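Below, each structure is written out as structure tokens.
Below are two complexes that have chain A in common, paired first with chain B and then with chain C.
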Partner chain A sequence: MTKDRNSFIAWLQAGPMMLVFVAFFLLPLVFVVIVSAWDYNEYEMLPALSFRGYTDTFEGCIAQLPDLCTILKTYAKTVKLCFLTWAITLTIGFTIAYFLAFHVRSKTWQIVLSLLCTIPFWTSNVIRMIAWVPLLGRNGLINQGLIDLGLIKVPMEWLLFSEFSVVLAFVHLFTFFMVVPIFNSMIRIDPKLVEAAYDAGATGFQTLINIIIPLAKPGIVIGSIFVITIVMGDFVTIGVMGGQQIASAGKIIETRLNALQFPAAAANAVILLGITIVIISALTRLVDIRKEL
Partner chain B sequence: MTDSVKLDAKVSRRSLLKGAAGIAGLAAGSGVITGFPYVKSAEPKVLRYLGTGVNEGDLIGQQCFKDTGIKIEYISATTDDVTKRVVTQPNSFDVLDTEYFSLKKLVPSGNILGLEAKKIKEFNNITPVFTKGQLPNGKKIGDQGTAPWKVLYLEGANSKNFSKTATDYVTLIPTVYNADTLGIRPDLIKRPISSWAELLNPEFKGKASILNIPSIGIMDAAMVIEATGQHKYADKGNMTKEEIDLTMKILTEAKKAGQFRAFWKDFNESVNLMASGETVIQSMWSPAVTKVRSMGIPCTFQPLKEGYRSWASGFCISKATTGPKLEWAYEFVNWFLSGWAGGYLNRQGYYSAVLSTAKANMTEDEWGYWMEGKAAKSDIKAPDGSLLEKAGAVRDGGSYEDRMGSVACWNAVMDENDYMVRKWNEFIAA
Partner chain C sequence: MISKATLELVNVSKRFGSTTAVDGINLKIPAGSYCCLLGPSGCGKTSTLRMIAGHESVTSGDILVGANNVTDLPPAGRNTAMMFQSYALFPHLSVLDNVAFALKMRSIDKEERHAEARKLLALVDMQAYEQRLPAQLSGGQQQRVALARALITKPQILLLDEPLSALDPFLRLRMRAELKRLQRELGITFIHVTHGQDEAMALADLVVLMNAGKIEQQGTPREIFNHPKTEFVAKFIGGHAVIRAGDETLAIRNDRLILNAPSAGVSGDFIAGTITEIEYQGTFIRVSIAGENGTDLAAELSETEFDQTGHSVGDRVLVSWNAANAHVLGATPFATVSTAGAA
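Entry: the complex of A and B
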């Protein structure tokens, strides 16, 4: 009896969130999947079963072998940018979180310093990205500075509108999403464990590998999920920082939407969702977040 | 986020406010709710105006309110988002400000009202550029692409088909148009530029840019390819699949060779690229050139021997607009063509659809500079009073006849649009 009652209350508690989730996430998603199988013309969707959105997307993938077709090339590029961003934000984010959790003793300073990490978010995304131009551009601060110092003669063009600038902007934006969850996991680590390791003669590096990293894993995975899902779907940053010359999965969807080809856009969205789910589920295989939380 | 996202946010905030106001209104007048809440005559005349921002401006809205008592609520979005909204939410606007090339998508959707020509006072004074495809002096102009006169008339009030001959039902009442070309930095190029072919000239490797809006970008590319003599298109605005393949192949080769510094998509990006010197030659819009120049940086909207790519926009009315609102919409369109707005747009470097009324609202010197290609006698100012050109300046490209007379093609939606968009994605990924 009590058990039934408890589970009923639990459902009740989860109810509102579940309703919101179903109405504003699951249902729209179902519509996207349905629409992705429809046909379309210049100005409207035709509710007839057609997998044109999918077949068009993979057009030439077999015929062009061993060359990659558009969609595979695009995903290869997106995944590459995603991996670079993930690896760099993880390294930097982990280091910052470690510093905040173990080297900053006072709560106040921990809060102040974490707030400092949010500075990149004080301006709008577009302004932040446009601001890179005077810094990295052909006549920008860095190139001019290096030329004035006599270190280079010709401006380095790869600084802007390149994969370098895209990854730089991503790292600048998303390191914070790594810092917060990792920091959160780290402050829960019992200091006694670290002391015990020290007493048992472990070096700092051994403590890091055997104590800190395993215990900070949930934070690492959550941070990774944030960064990977955002970067996989991004088209704004890649567009602006890549000079619109670098393809991304999100960009394909945007172009299709703008051409009013909703089913084709939906098909691409479903493909993107599928690939992202595969990556995320691989990550969660490594760590059972539920158990660790 | 992007402009479009920002604008969407603005829109939804506005509609939210409107919703709130509606609820407040209902509460105030509770008891007399008889079905559909309709605007009573005592209430202010309000029209919802959906558009891209070219014709918009607080000054226009204020002047319109002063002259007609009609209050304009602007809903701004990018060209693509405007089209999306018309097709998916025809009830969300009354007056639509859009371009002729979009009509190929909008009219078949059945959401656009056929306007009665006889209700438009100045209809017969609209420049023959729109009605006959010729200048006032009789010179024929280029008809490649979705030229306005091909899609100006409907077969009937509720027809979804364009009429080849003049009828009483008009799809879109023209308001503003211009001839686009390449913008260049004369101080960095240091030699005359006279052909579209220069865009792919290896001399400007890593310093060129084109527009990343597929339907327009591919036409600029076609202008270039024709200029280099690699192919002659039957209609640059309506390519065959083979022509699309060829165009994209040449563009892709140029991209791989590093010809382009970046592609641009919105107005500010194009200004930024040019002003910072990242690019020295690129497709551009007239007000963007003006903006760069107003920053004190030399920039020319370079006339080229192959001609201009032109565009034109104007007003449609939603089929969902009926009753008194429909009358106000006609009143608004008539006001727009009556001269004040025309003068305002002409002073920004665009062209007004009814030239005679615009002329009456400009000084002789302004008319001479903007329309006749004459040297300015005194300083030329923007509508907001800021200095655009010093006395003695001559407009790039010269007079109205010189510029509009050299139009080679019009912004277009191709029959093979779906194929083209796919190829464009392939080009970006290459």
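Entry: the complex of A and C
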């Protein structure tokens, strides 16, 4: 009797979130998948089964092989930016989380320093970009400074509106998404385990590889999912920081939407979703395999 | 067994900022002995153990294992191994990999280290559990695994930090016997930190009773129980009445106290008091007496002795003792500590 009651209450507690999920996530996703298989012309979509959304996207790509067509190049570039951002945020985020969890002893300081990591979120994307122009621009502080020092003669063009600045902006923002879950996993690690490893003759690096990383794995995976999903779908930061010169998967969808080609946009969304799922499942598999060694 | 070494602490001190945890202790533990560092919490016993292990730096003094000065060596270079209080098993590794961990750190290949780990699991009778994760084991099983993990490096000295405190009382007695058996079989030195005097008495060849960063007394359990040197020792080890007679302080075992009726003629010193409680304990009867001079006593009488006197609560009695059973205690600045060793 009480068991039924308890499970009813549990459902009631989980219910609201479940409804929101079904109504505003699962349902739209189903629609996207359905629409991606519809036909369309220049100005409207036609509810008939067709895979034009997919075939149009990759038109001429097979003929062009082994050279990559524009669309494949775009996806490759998106994956590359995503990988760079992931690798850098993971390295920096892990280091910061390690510092916070194992070197900062006081709880208050841990909270204060974590909050410091949120500072990039206090301004909008656009403001940040404007703020970076005087720093990274052709006549910006860095270029001017290096010229004045005589280290370079011509300003470096790649500092702004480039892949560099896009990755910089991503890292700047999303390192925090790595720090929080990894820190969370790390503070659960009993410091006695580190001592036990030291007692067994492990070097600092061996302890890191054999104890800290495996135990921080849940945090690493969660942080990676945050960063990868956001970066894979991004078109605002890439647009703004890339000076609208860099194409991305998100950008393709946006362009198609602006052209009112909903099935084509939906098809690209499904492809993007597929790629993201593949990357993330590969990542979790990779981490799992490492644990088995 | 070739791997035997004495452990020697020479004037070892540990200070944390302005507080002194361990204050210039000198201690020599013979090879192959079971030594218990005993004392109330905060007495410096754990700091001492951690300094021996190499997990705490030594502020001053030297630590010698055999002929080697290991004061500044890392834990793995000392021929010691530590078993942690809450065992500190690696939660993500199987029992087998936990035990084999130290060998993996030495880059010994998988087959060899697993074979060695299985030998140690057999020693603690845990072979059947080698694929389990620590969370799937009971407290006693975790402790066996922790023991096997500590022993895999073939240490000369095994350091145990309150190894039994996480176990329930029944299991504690069983593991206590097991520790003693292992130590006897391996023939290496065990240094065991505890705050339970019963544990120390049952296990140790050498009891080192510490208080406020200093060694209060060291010796065999019998020496300490029968000849406590200070009031602190007598009170901590329990089972003693501490009595002030003139300018001397005496310790007399509770089971050597004699209860006399007020009418009886008592030769020598005695304390008059009133019986406040009588507890039947099976093998003996404890009679609590509130002394008229303010001293509370707890005489332990055998059933026959008690039946002969026929006392009951509220009776006035004279507590006396045989002069040969009274030990004069040395003055100690810590004598005011009244921690009873009942835990």
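Note that the second predicted complex is superposed on the first by the 271 of 293 C-alpha atoms of A that agree within 3 Å, B and C clash if a C-alpha of one lies under 4 Å from a C-alpha of the other, contacts with A are read in each partner's own complex, and residues count from 1 in each chain.
One rule holds in what follows: contacts are C-beta pairs under 8 Å (C-beta built on N, C-alpha and C of every residue); 3 or more make two chains touch, one makes a residue touch a chain.
Nothing here was measured: the structure is a model prediction, and the numbers come from that model.
Annotation: superposed three-chain arrangement on chain A; chain B versus chain C shows no clash, the two fitting side by side. When the two structures are aligned on the shared chain, A:Val236 is found in touch with chain B, with no touch to chain C. In the overlay built on the shared chain, the residue A:Arg138 is in contact with chain B alone; chain C does not reach it.
More residues of chain A are in touch with B than with the other of chain B and chain C.
Angle at chain A between chain B and chain C, computed from CA centres in the superposed arrangement: 150 degrees, to the nearest 10. Judged by the touch definition given at the top, the superposed model places A:Tyr198 against chain C, while chain B stays out of reach. In the superposition on chain A, A:Thr91 makes contact with neither chain B nor chain C. In the overlay built on the shared chain, the residue A:Glu42 is in contact with chain B alone; chain C does not reach it.
In the superposed pair of complexes, A:Asp190 makes contact with chain C only, with no contact to chain B. The superposed arrangement places chain B and chain C with a least CA-CA distance of 41 Å. The residues of chain C lying in touch with chain A in their complex are 53-55, 74-76, 81-82, 84-86, 88-92, 101-102, 104-106, 149-150, 153. For chain A in complex with chain C, the touching residues are 190, 192-193, 195-203, 206, 210-211, 214-215, 291.
For chain B in complex with chain A, the residues that touch the partner chain are 1-3, 5-6, 80-81, 83-84, 87, 104-106, 108-109, 206, 212-214, 255, 260-265, 268-269, 272, 276-278, 413, 417-418, 421-422, 424-426, 428-430.
Every residue of chain A that touches chain B in the complex is listed here, in rising order: 42-44, 56, 59, 70, 73-74, 77, 124-126, 130, 133-134, 137-140, 157, 160-161, 236, 239-240, 242-247, 251-252, 255-261.
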